[in-house]
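Here's the structure, in structure tokens; my notes come after.
Just so it is clear, A, B, C and D label the chains in written order, and each chain counts residues from 1 on its own.
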Amino acid sequence: MANSFGTLFRVTTWGESHGPAIGCVVDGVPPRIPLSEPDIQHWLDKRKPGQSRFTTQRREPDTVQILSGVFEGKTTGTPVSLLIQNEDQRSKDYDDIKDKFRPGHADYTYWSKYGIRDYRGGGRSSARETAMRVAAGAIARKVLGTGVTVRGALTQIGPHKIDRARWEWDAIEDNPFWCPDRQAAQLWEGYLDGVRKAGSSAGAVIEVVASGVPAGLGAPIYGKLDSDIAAALMGINAVKGVEIGAGFGAAELSGEANADEMRMKDGKVAFLSNQAGGILGGISTGQDIVARFAVKPTSSILAPRRTVTIAGQETEITTKGRHDPCVGIRAVPVGEAMIACVLADHLLRHRAQCG
Amino acid sequence: MANSFGTLFRVTTWGESHGPAIGCVVDGVPPRIPLSEPDIQHWLDKRKPGQSRFTTQRREPDTVQILSGVFEGKTTGTPVSLLIQNEDQRSKDYDDIKDKFRPGHADYTYWSKYGIRDYRGGGRSSARETAMRVAAGAIARKVLGTGVTVRGALTQIGPHKIDRARWEWDAIEDNPFWCPDRQAAQLWEGYLDGVRKAGSSAGAVIEVVASGVPAGLGAPIYGKLDSDIAAALMGINAVKGVEIGAGFGAAELSGEANADEMRMKDGKVAFLSNQAGGILGGISTGQDIVARFAVKPTSSILAPRRTVTIAGQETEITTKGRHDPCVGIRAVPVGEAMIACVLADHLLRHRAQCG
Amino acid sequence: MANSFGTLFRVTTWGESHGPAIGCVVDGVPPRIPLSEPDIQHWLDKRKPGQSRFTTQRREPDTVQILSGVFEGKTTGTPVSLLIQNEDQRSKDYDDIKDKFRPGHADYTYWSKYGIRDYRGGGRSSARETAMRVAAGAIARKVLGTGVTVRGALTQIGPHKIDRARWEWDAIEDNPFWCPDRQAAQLWEGYLDGVRKAGSSAGAVIEVVASGVPAGLGAPIYGKLDSDIAAALMGINAVKGVEIGAGFGAAELSGEANADEMRMKDGKVAFLSNQAGGILGGISTGQDIVARFAVKPTSSILAPRRTVTIAGQETEITTKGRHDPCVGIRAVPVGEAMIACVLADHLLRHRAQCG
Amino acid sequence: MANSFGTLFRVTTWGESHGPAIGCVVDGVPPRIPLSEPDIQHWLDKRKPGQSRFTTQRREPDTVQILSGVFEGKTTGTPVSLLIQNEDQRSKDYDDIKDKFRPGHADYTYWSKYGIRDYRGGGRSSARETAMRVAAGAIARKVLGTGVTVRGALTQIGPHKIDRARWEWDAIEDNPFWCPDRQAAQLWEGYLDGVRKAGSSAGAVIEVVASGVPAGLGAPIYGKLDSDIAAALMGINAVKGVEIGAGFGAAELSGEANADEMRMKDGKVAFLSNQAGGILGGISTGQDIVARFAVKPTSSILAPRRTVTIAGQETEITTKGRHDPCVGIRAVPVGEAMIACVLADHLLRHRAQCG
């Protein structure tokens, strides 16, 4: 079950970066939802590599095929199977690392666990798998309907944070970083060029905001919406931290500043702040759901690093191949997709129990 | 399934803070493990309120009973049912909040979801439920065996962080905060006395370290050890953020600084740093597993707060009752327990697939 | 997870026949359903032993307590915990079988699996556990509402079958067998007296009929309604066979006789027969759901039987204690309860996916 | 989750009979097991249609591709994705049934549930899906190892049963029915020719025997081996009944005849009979596991049948297309595969809990 997530809107992915294809099966999709390949391709294209000099120059057209679950343009309620052929595989790039563990990668842990590993491009642990998350997220968005929007933005690269006062959602399509602060985006260009030329890499922080989520989604105790979001985001490659609302900053707030007060507005409950990030007791409040996650710098760098071989010999390694100087950039659409999947799952779960 | 967690080592909890009792059922426990009530009580006593002036003065003896799954002092492989009678319930404390939503609490969201709520002491959303997490964690520790230790410490209260250079594990039993830095503990006493007397509250950050975990626990993609830890910790009451290893700090590191290099030591793989927090690709590396979580300040404070009633009237609320000025303190044993449960589950899962 | 069943309406049971208590936790119950202890006790009383000379003379008042999930007479959406104290335990009855495996019982297999067993009264494998199934079933009936009725009847004891032409549902309350054929019931009295006096035991077949189930419950492939019913019934103690509709008899039918034809009646689809037992492709047709299951004769009999000891010595065993000459009788309310639970689960699952 | 089965050895299938392909994802496979396409094709070929005049004349080469989870000829522990292209699709065969519900088929129930259906060849409800069960079963056999054999045989067609005294396992490959009784096989040929020429169809009973299963597999209460087998077999298309060991016949046995006595033989426990079918208390005894299931006659027959249209008009239907006169024949390898999958799952589950 390690390769599935979700309770009712359930996604199972499979595939290695250098195998013949990758794919996923999405079970539990409600019937009669219009769905076609372009609906999914739209989101995949956002994640696609090679769109700027700041992402890997691998060329993966990532053309998705729907193999089941859709009939005459609508979902049938049966599992939707999606497949993407792998195309631009240069397995030879990996020959010299076949017996060495790359620091910061999953090489050593997969080998420790399984006693065997598909070393080509990270195999199953490659970020290539996240394409299927984005594809599943596209279906999740359809389940959520147009009333719910899920948008992500990069709020920090390396040590450089955006100025939240300059946040413009419109800006994120205008720069190669999904950055909502136009000034920061310019600064980042110079910074990341330097990182890239040095053969190094940088980390990042991404914020995802879901608007239009009704109050009541989520469930107590171990089915909490924030708990499922935390699992979903922490499960993305290279993620090391997750926050909801005020997040770690909440530790520094006073009780007065932290608890969002409530008033009535147009006959509805309105909160005066959103430190909670739209979730209380694991259940949505109706405010924007705000989640943030930190991505570590790409582990594949040009500088030689000390490591060991499968045989237990000390050695050094230099990662060649084509890599993202900041994997956090392409993590934006992945984070959005994961949140969309969690919300779709909880929408169905809520409907099941509460009608 | 919202009240269960774990795949093979599976914990289901039940009960409201002001019902007759709370309890849990732990399924999947391996057979023939010595287990008795004192084994569990030991850990419950650490979480018990009223042990200092910095935790709630409610008196909950929290005496645990084993109702099943143990025969002649050993587990039988059948479900272990645990029960704690509720004793010090002052439901009348809650009469005046019966129609009002307490800001920062789950009152509004439970009511939005279910259209009904047990308002006495938060009902199901009360932190009282965490007693059963601690109890289940005690069993998880037995499953992990003596080779694995799981310890937690408070590293920040309000804005005041410890100095990590002064970290002494021995110190945590010597102060009412589980603080590993003796100087910080003294400072915190004064700070938290001020907070308490002002009727306010403070947040906190807790760090849990699991030592002795073998390499290979965890599973790829959606069964990642860090993903399950994130869900487990984020699901604790009042938690707003979770980090593994370098956490959000990883975003600021260079690729060189982040990826832990490897050497051989005494014939075994040894890492030269632990930015990864003991987990790569969702699988344990054999290093210490290091997780951190942020707890928001207690929402029950004496200052009057603006809110609304069930009927949609604007009003104010002052929380009476007996509350923790910093719920983060009692979250330390809860965080430990959750990590222990996740590790026990993954130990069984690993054994299943890899023998 | 071996002690839980159901996906959304999820029941977890615990407890041994001679431990302090048995209980269950029912998660996923929709909120605001009126529920009180008498609602559950009503069904437990039907299963209670000692109601005639044809069931065990153990005295188990089986008084159920609701420990959580109900507030002011209504379900809150949080887990409902039920508990029954064990009272009439004569553990000494079991002292002489402590080292011997009773043929036909789970003694040998539990011991093979776990290397330890609670031998008192069968421990976890005792039919006592089925009391909690009946209790959970009472809640499931509430979820299904009054439009759905689930009724069971004994249609065969030993080799003696009822005459289906004489089927009267009213008759089942008038005899100690839940027999719908008054003449058969009389015959069975004499037959079972003979069996009982001989210290032997008899098997039985039970039929459960669920009426009022709407078309559309169930799901394709591995979530089939009949598949879940088969698992639920086969999981009852001593059950060795399960049928839906024509069951094994379907093998002898021609294609023409088997496929239920359809007409319109009062603007609705009406089937001209019900060989399908109300289920096609794993999904309910709207007709009565008809399931049947076979219960083997009680394994505890007075005649000495050859067996072996834990130490591997050949020996004989005579089961003393107080036992049912035909456990099938008390399996009737258990079978009803299991069907009710499966239907409640699928009602919620259907609502989740299809709204 | 309706399209997945198994807890740890977990199979998810997808695809419609007339879509571009069908496939499955097998998660939880232990690493380092040699696996190649021929290993799977071997079992698929047994199920392949068109091998005699008694199965459908559709031509489905059913060539399986492994798309992931295998590296250099061995499983890696990551999900194994299998795919079969659909080839011989004559969708036009189904044009005239597009608005009519075929009696005995899932047409009406899918439409009732989802409000939409892929009517071409039954879509998802087609027995074509069972190819993926057979493929998954091939992997399950690898997990079980060579010490366990799972074999099935047809023991009844229409009203004609085999004579169990003439049972020869060797015979099953020598006739088109997997019949272990050579004389019965000859009789069946004439009988089924008559059925086929009349445009009718016949039901069947299949028996599957698993040998070499160690004592201790299975789990109490809701994880019973027989319960999971019942679900697995009842979930095969057209199955209406499932038995273990003596099955429904157990109802007619005396307690003395039913409970299998035990002796020691060569230092091991030996049972003197196997009425239990190798399972007691839901856990394997070490004897052969014996399961039986009944398959109804093919619902697609040439005789016109009364039915209704989607619009609620009464009409008649005659199924054209190419169909099996007895679907039970091709259910033999499917039944074997399902048992193999259940056993592989329980092998891993047992190892998890009991080491």
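Criterion: a residue touches a chain if its C-beta (ideal position, glycine included) is under 8 Å from a C-beta of that chain, and two chains touch if they have at least 3 such contacts.
In this text the structure is predicted, and so the values were computed from the model without any measurement.
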Chain at maximum distance from chain D, centres defined as averaged CA atoms: B
Between A-C and A-B, the pair joined by more C-beta contacts: A-B
Distance from the mean Cα position of chain D to that of chain A, given in whole angstrom: 39
Centre distance in Å when chain A and chain C are each reduced to the mean of their C-alpha atoms: 46
Approximate Å spacing (C-alpha centroids) for the pair chain A, chain B: 26
Residue numbers of chain A (touch at least two other chains): 1-4, 7-8, 13, 28, 31, 77-78, 110, 113-115, 124, 220, 349, 354
List of chain C residues in touch with chain D within their complex: 1-5, 7, 13, 101-106, 108-110, 112-115, 124-125, 129, 156-159, 195, 200-205, 215-224, 226-235, 237, 239-256, 258-264, 267, 269, 272, 275-277, 279-286, 294-301, 303, 305-308, 312-314, 328, 349-350, 354
Residues of chain A that touch chain D when the two form their complex: 1-4, 7-8, 10, 12-16, 19-23, 25, 27-28, 31-32, 65, 67-69, 71, 74, 76-81, 83, 110, 113-118, 123-124
Sites on chain A touched by chain C in the complex: 8, 28-31, 77-78, 220, 348-349, 351-355
